[in-house]
Amino acid sequence: MLKTMLENVRKKAPLVHNITNYVTVNDCANILLACGASPIMSDDIDEVEEITSICGGLNINIGTLNRHTIPSMLAAGKKANACGHPVLLDPVGAGASRLRTDTALRLLNEVKFAAIRGNISEIKTLALGEGTTKGVDADVADTVTDDTLDHAVSFAKKFAQKTGVVIAMTGAVDVVADRERAYVIRNGHPMMSKITGTGCMLSAMSAAYLVSNPSSPLEAVAAAVCAMGLCGERGFKRLGKKDGNASYRQYIIDEIYCLRADDLANGAKYEVR
Amino acid sequence: MLKTMLENVRKKAPLVHNITNYVTVNDCANILLACGASPIMSDDIDEVEEITSICGGLNINIGTLNRHTIPSMLAAGKKANACGHPVLLDPVGAGASRLRTDTALRLLNEVKFAAIRGNISEIKTLALGEGTTKGVDADVADTVTDDTLDHAVSFAKKFAQKTGVVIAMTGAVDVVADRERAYVIRNGHPMMSKITGTGCMLSAMSAAYLVSNPSSPLEAVAAAVCAMGLCGERGFKRLGKKDGNASYRQYIIDEIYCLRADDLANGAKYEVR
Amino acid sequence: MLKTMLENVRKKAPLVHNITNYVTVNDCANILLACGASPIMSDDIDEVEEITSICGGLNINIGTLNRHTIPSMLAAGKKANACGHPVLLDPVGAGASRLRTDTALRLLNEVKFAAIRGNISEIKTLALGEGTTKGVDADVADTVTDDTLDHAVSFAKKFAQKTGVVIAMTGAVDVVADRERAYVIRNGHPMMSKITGTGCMLSAMSAAYLVSNPSSPLEAVAAAVCAMGLCGERGFKRLGKKDGNASYRQYIIDEIYCLRADDLANGAKYEVR
């Protein structure tokens, strides 16, 4: 039950360590607080292992990676593994530069992730070892539609099988898969792509859901994805005539703050394949 | 009179140098503008001394410290001391890692601070040389309640005595103390803890109050703490049914922008012990 | 026609590479999305050339420059030049420290810019090789008024002539000039100076306008400046009694999101000298 996943986050109030980009970091912190978790941001090699030890889980986002934070990501990831904490990877812009692709692949190789959350271009880059990401957005050729959905589901399951990681490919239709089952999720609104950081926020929140639901990683991530999409729908309804993407950003975080477990149970639109 | 403190900030429009974390930096800049000051952010060792020289005061926040910014904090702090500018320390997460604790202690040792603003766990860590901070939030065991208030006041005064620094421990009840007197402040709202950066913003604003009121550091910080808490109350009243922590963050900064000296005089809830 | 400039941004949806400060970076990303462009932020020397190659243009903002990002700015700028992409410089705080002044001058020397956008103190610093910037705001002595406008226009044209770069000096009155013509723009509202990042946002947006209008750099930047000022006016009208600078920031980005080409055509207040 997805609603239990949300309830567990509110009940356990997990502390999540984030090594994340400086573009959307404030939104990531606020959405973690909104969903009931607590954030801590720390990226210096001299403290990341200690910081991650006192947390429940780790969110690694490579959005503005650099030569000082990459070793921190690796060290924190390994330490979180040693602690038995779930680690999530958001491979922002994998495919857009060799550095991003290589770093994401290296992380995938050296750290055991509980989940990877990215757009389909980023996920394909990880699966294939190279990609054609258009900056930090998905390549149009990669969009998941009803025509390509069967293929996307099978691709996600295979990649989950190969890696042993829950794969969350988000876009117009979201696919969240482990080796056996895939949630196909139809929550969300196209205008969400006009806000920077909806993906980053979802990754941070997914990490909190993973920490709070250790025995159900697939359902945990699926619940976070449904929650984000549903709040995108609800926030959109709140938009007035003069509101644009800045107000929309705010409304979405507000909706996550206000979202009750029953709202999620009633509003989640998904099928399991 | 606390209202004079606020009026002086608006009158003098001090320029405040901030070496601060990248999580809440935008909010710190906007709250400085809101209260009537001007922000400048700069953390490179090659310019921090020069930058701090042209400012009126310095706010050092160790929230996302790293090996490149720590030397900048020390250098800027010493330069601000040489210039006779007030320097404020926000020891974010002291106690959560050895690096944070050591850096805060080293700063306290090498720089003469006008004030330290933190939660009680962070302040205790500085006083004891070690701590049990839960990430960047106060440890529950440390919460100041009416039962523990006497102890907290006496602790703050003693630490102020030992260091010669105004100590601001903020939480459900705030204690702002120098060696002789303590303001016990009961402004604020519990929901403020659901926004990232209320502490950071308060520290930045306190630095502006210190610069503008050089002969009254205790009252300056107490006024900033009352102002922040009062705007937390006023912002909370503005919250609609669909508003969450994102709107609340915005309303609090707005309230600081709109706050008049008389509002502060009428709304401040404190006793001096 | 300025409205064509705006339409081209919406039509072409350019990808803009930003090496920018961490204070206002989220606002820069959101305003790029609001105006119809896409942002990517990247500042590591190991990827900036590759990232800038897949973009249409580059925005270099020195607001929180450091010894790791300065080489990235130079490398990305040269690569963008080699690719034939327009590059914009925002010399934040030039004049406030030797590092900022020298870095801005070095960038100007080694990179061919399409435009420079700054306040008058920053631009004067670049033209004279030194300056008296008050932090990151313009020196009061530098304010462009009707009395000093003739001088400012002639100064901007001469600097444009010397450098071959479109010069945008923004403040109470904005002057956007190439070697022959200057747009004198009277859009905007004084309260815009109470928000951090209006200048940074304008620079990011100007880069998007430059990319989308390669044959009209002067008009492109003038259109962006008019759009920002006009949205400052429109956002100001939306302010309620309890709104302050935080809401104002949000409304301005919202207004950029909602701005139609006809709104810009009707609302732009400028003369060409």
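Should a chain be cited, it is by its letter among A, B and C, assigned in written order, with residues numbered from 1 in that chain.
We take it that contacts are C-beta pairs under 8 Å (C-beta built on N, C-alpha and C of every residue); 3 or more make two chains touch, one makes a residue touch a chain.
Note that this is a predicted model, so its numbers are computed, not measured.
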item: Any chain in contact with chain B as well as chain C; value: A
item: Cα-superposition angle relating the copies chain C and chain A, to nearest 5°; value: 120
item: Interface residue identity across copies chain A, chain B - same or different by half; value: different
item: Distance between chain centroids, defined by C-alpha means - chain A, chain B (Å); value: 33
item: Touching two or more other chains - residues of chain C; value: 22, 26, 68, 249-250
item: Chain A-touching residues of chain B, taken from the complex the two chains share; value: 21-24, 26-27, 63-68, 93, 96-100, 134-137, 194-197, 242-247, 249-250
item: Chain C partner contacts - residues on chain B that touch it in the complex; value: 15, 22, 25-26, 29-30, 33-34, 38-47, 50-51, 54-55, 68, 238, 249-258
